[in-house]
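Structures follow.
In what follows, chain A forms one complex with chain B and a second complex with chain C.
Then we have the complex of A and B:
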């Protein structure tokens, strides 16, 4: 180092907005947003469920009462939907967790080939609305199914509880798989090796070491599947036929009979198991993360041939089933009449519905807005909660995780009950209807976005913030110039997540669409219910296509910057 | 005008536990002062209060005659260097150094010049286009130093800046930091748990323990006259003998030790401390000529060669004693491990502390 004299720098007087003010403003606005668009609609449903309802005028009258619940429990047909829901959810949970566990085990603990391909195939249910599974099952096993009617010519069909359960298993599979995959790759596999070296057989090791060390991951996956299955709307409404569950019951009571009293009451009944399942999931996820060791993963020893082959067959069997759901729908969209006329046609792509193919563009632009808005809000939220910790960080965190506990259908019902009244009607506002759909999707998926953003913030060293601050940067500039660039990967993955959710979501927005704003996923359900199976398959195919294309574009854009990002991650 | 940094009765509580308690310290303009202590002693909390990242619970921080307790960090114009470097990984070296200049609205045309100037000082001009991840730890910390100094801060705060580095680079960079500080004449507060680092680099050292200042003094004075048993133990190495003091003699199971430095203490339970280099080994022949008083025999257990000196561990009846002596002299004496040796503890070598 050489000797120098540093000249005095003449710095201009700078205006710096107080950091606290900026953080209070940002956090406060997000908190207010969640209170208005999450807490109020839900509380309102709770309130209305104990409010007197005029069945003739279809209006709530101010008086408080427990009649609605008495009403609910006095109608055996409706009460049955609760048992149905629980039955479906429990079986879906058991089957999905077991299937997904062995799939994840194959990907993480054996040396089967093509793991990446298998992983991506397992994710395919995420890129389509949650009724694709039911549509495919009906095409194959319905009263006019390719296998039931075509191949075996039997009377038996899949409608009812069995169909719902199988659909839910297929739909929930990736959600459970991701959790179990993370758990099994994080838990130190050397424990297995240690057990084996101590003389334990493969089976003993599996039951005494592998399963117990992964138990919290298993429980958390199970709770999540239970929650998803009990709140799902798309699959049961398509394949359930007479078999009613809570979510379809809410829809039918509200849309079919204008019975908002029963709608809100059933919504509250549905809230109970879904909130419990969410709390369990949350608890076990925390437990599971605390067991993850930061140890580097050792190379897996080659699996024995028997193990390797059984897992190869097993994983590909599941992969083929998951893929065939998509393939069946795509094929169906291109044939004139499924089962009767197999000639190729594009006629199903000329949609005779309000909005026509335009609904796809509506869905697309809404999803792009949802992507950016959701990713932006959640990254700011994560920064405020994890890095700045204002005095209201705890309640803000609480509000941010609640949405995952609220079924989308309940949230949607809450929205029409509070934002579409005599006093406040969002159709009267320019783009009001689209705005409410966008806000609804952002709020419904706020939990995962915020949690992943918090994890990202935890990985950014505290001194980054302080270094920028000590160099004279205020909060806004620290965030924009330091924190945000370091969170680009997290931002992009949140954006993708929001975009996908928005493209495929049904239950959250089914109450919110209107003649002005039609969404592609809702059109699929309406076409299918209308018996227009060809066009509905075509619309579903288009949704999948759009999602895949957008994902492809984003991953291409990112690959270009891949090198630089990798270099940064070494720090 | 000289701007002193004064801490008056400074306290910081976390959950009702004092991290720093009633701290009083005056740091003179241009002084290099080190806060030394084990982890949890409050040194980093003190630094963070000075930087503005923590708000004092009580007391005041006064800089140049102005209380700055509530002044936001951005306006303090203090440069900070972190243990983790905290370089912005997405910016090149030059962008990192320029960051503070941009934030301070430094004239655009002069930023490049200033960045080059700083990178010259730390000897990294040719690396200006690299990203931090492409540099070694030592180089990264030099960049961090350049970045902190770029906006001409009035005070430089260093939070264990060398702890993450290899021993060799640590010694080298420490000398460079000292040289730079002398050249710039910038008031510097340095936090470390490494007593050797503290003694070698500072004008004055503040030894801290559980949120309280134990001693403030020049490095030599701290080493030679540790004010408490804690300081004697934490700074450098000491041998301790506990016993009852009466008439200038400490009565210990190993023997009766005459002490001359029992200032202010007449009697009672005390601990007598003596540095390893003060203890002498007396050869066999000399046994009759030296006073029998303060001589104890023990068995040589361990010999550690440290270059110029050797460090010996000698086992007495109830405890071990560490003795440092010149390697040359040790070799001349020809003592082997396992042999019994006689140790002489000069009365003036002891410092006596009253037991709490």
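Then we have the complex of A and C:
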């Protein structure tokens, strides 16, 4: 006779229901969160872009219309900003991908020295707001720049499309480099060796083997750079000088002109290329991952001297350029008047701006909250999607990857347009407060966080989950005592990623700062736009300092605990 | 069961109380007041030091925008205003937005001359600022061009790509410069000459900036020869050690009043009124006078540490604020269709 009593069966069933309930609740809440804070603002922008606008009263009036788009395409200067954006993005994409490819090649396929240092230097653009590049270029190559006016005394200057493209290349470099680095170190390099031993020359091997095997990584890096360059706001507004691109146009129309109709319409126009670039990037990343071999990496044979030296020179040239961006800004923050008075001073560090130096603390605590909230949500999300697969796993996954396709500026505009209305202002505790900034940054960076945590979950063997369950642990316990401890590294990587994004982002939050919340990165751009270069450089220096110190503390703490952080996963 | 719910702890803990936390924080400060200002950031920081001393229980939160940005912000938020008052913002911008304001006559309103206040109390002006050029002496010497004396000089071919000016759509300074040129060329009599003049000027302009102080700063740095800005900012750049000269246009300098208004539906109305009372008090006016060519309270002279010309010595262009505020939308729209929406001249 069975020893299982009726009561035991019902407990077991109840447990299963409870487990399901917990998963439904967790997944459902994340889904709801994404619907409210990602889908609604974006859909609202789409709706407003086809809503009639009263230009005198500056408000939308109910009727649906296509006038806004007709209006948009009838203004040559604004339509031109679309061509400008595409032009900038295409050139930035081509140059960055090529430069980053050879850099990554040097790090993975040659035996040059100091690879680790080169890798970290290549990452420096990630720790500063995306206008640092433009600021440094102007200081060196502006009408009164150190090199143009100081050294050569020439009239030429860097403002306009050339300046934007160079800034974007410098800003996007690490993003492309990381993808190519991963691709090149994952693709089996023994294919190269095989080709070489069959008699192929170095150049033939490179073009017939190396490039084709890495092609999906190259395409995915290119698509990502295109997306970053077309959506960037900080660099073009500082160095563009009259050369208008879509992102700056949205800002000028909304903030300068109160034209929310044109703002939303241009936002929709910007959505098209950025969504396409995202889809391509996504497709190629998947393809690229399928080519990664699980084989152990063979030892690299020593590179020939010519190859070794040319790659040493090449990689260090790029490293010096990337470093000099930071150095110029730090120096500038201590110089009384750039180009006119080179005496050193601390006076730029006395900030006469709303919030004073306190903006740095606001940015810091907001970024810490963003880090924990983002890392927690994405790890739970990854667990639900990858391990538990409830019936709504597919739509949840879809919602989780959409944010990467939405430019930060568009999301920010969506937020101010929807969260200060009578229905969705959450009793005034959201709009104009820190919460709107925190949630915006979490949502804008949700994709990478979720994808990396799904990858992490894939690496945790299914048997772990099963073993825990058969030992009687329920979902909650399995997650807390088995899955989470195994995901510590992934959790920390996501936390760091979120923290850094939150410290330096401009485009996502520029519409969201308010008398209650002043952010450091936005202060940099406001000071710079206002012509106060010294204080602006000083604030940028402080942001870099805070990020470096926090990263240093985290890595020290972790080394103590006995495991290293995978730097490659941070990006 | 308890343990099972632990799974949700991070989600609940972080998501929902955060709203309460963020909301609760602002309720704490009883005497909070939120304001938008178009005063410069450095002067605002100084005035607010004084506010801290004289109104210690008031917790002032502020943002500095250019004039047009203040207007954009107010319009965007009219369903649910975030700020309580506007401080130091161009009258021509405020006068157009009357339905966003609540009339209020602050204590001491009667002491101000009639031309410096709205009869119903929609706005009360505190100071006047005057258009001026910042001319980089190094740069004109290097380029071999003469010191400009007037707007007319700036239209000459040798100033090509050497002039920078604020955008009248976003900057109060920009609007007073453009409107004074239009008035001078007889726009009130229906003449188009002003627009023709601006087209000539446009050929020499490098860029239209968002704020009125930026041209002075950019010219100071030697990026262009002439920055069309306003008196105090130019004086300040000279004091900071830049090789800059201050020039008031010979045709007469346009000028503008900066005023305060109470926002309709302000969430901290009592505190806002307290602030507005202080904002036209004698000690406030004394504070402004350190930065302004002229304040609106009779008997207080400019006390700028940086030498500013006596307003009597500056040829002021006779402005017509009734006209310029009433026609602002029209003028700015036309300006945009001519200059903003067109590509840069080559």
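What we mean here is this: the second predicted complex is superposed on the first by the 536 of 571 C-alpha atoms of A that agree within 3 Å, B and C clash if a C-alpha of one lies under 4 Å from a C-alpha of the other, contacts with A are read in each partner's own complex, and residues count from 1 in each chain.
We adopt the following convention: contacts are C-beta pairs under 8 Å (C-beta built on N, C-alpha and C of every residue); 3 or more make two chains touch, one makes a residue touch a chain.
Values in this document were obtained by computation on a predicted structure and should not be read as measured data.
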So in the superposed three-chain picture, is A:477 touching just chain B, just chain C, both, or none of them (first/second/both/neither)?
both
Quick check on the superposed pair: does A:468 touch chain B, chain C, both, or neither? Answer first, second, both or neither.
first
Please indicate which partner A:485 is in contact with in the superposed arrangement: first for chain B, second for chain C, both, or neither.
first
Going by the contact rule set out at the top, does A:18 touch chain B (first), chain C (second), both, or neither?
both
The chain contacting more residues of chain A, comparing chain B with chain C, is C
Please work out whether A:54 is in contact with chain B alone, chain C alone, both, or neither, and reply first, second, both or neither.
neither
Report for A:531: first if it touches chain B alone, second if chain C alone, otherwise both or neither.
second
Do chain B and chain C land on any of the same chain A residues, and which?
18, 474, 477
In their shared complex, chain C is touched by residues of chain A numbered 18, 22, 25-26, 29-30, 33, 56, 58-59, 75-78, 80, 142-144, 149, 241-242, 254-258, 260, 336-341, 352-354, 356, 369, 372-373, 376-377, 380, 416, 420-422, 425-435, 438, 474-477, 479-480, 513-516, 518, 529-533
Mind pulling up the chain A residues that touch chain B in the complex?
1-9, 11-12, 14, 16, 18-19, 461, 463-464, 466-474, 477, 481-482, 485-486, 564, 567-568, 570-571
In their shared complex, at which residues does chain B touch chain A?
51-53, 72-80, 82-84, 86-90, 99-101, 103-106, 114, 117, 120-123, 131-134, 144, 147-149, 151-152, 157, 176, 179-180, 183-184
Interfacial residue positions of chain C with respect to chain A in the complex:
1, 3-8, 10-11, 14-15, 18-20, 22-23, 25-26, 34-36, 41-42, 44-46, 61-64, 66, 68-69, 71-72, 75-80, 82-83, 167, 169-170, 206-207, 210-211, 213-214, 216-218, 220-224, 240-243, 267, 329, 336, 340-344
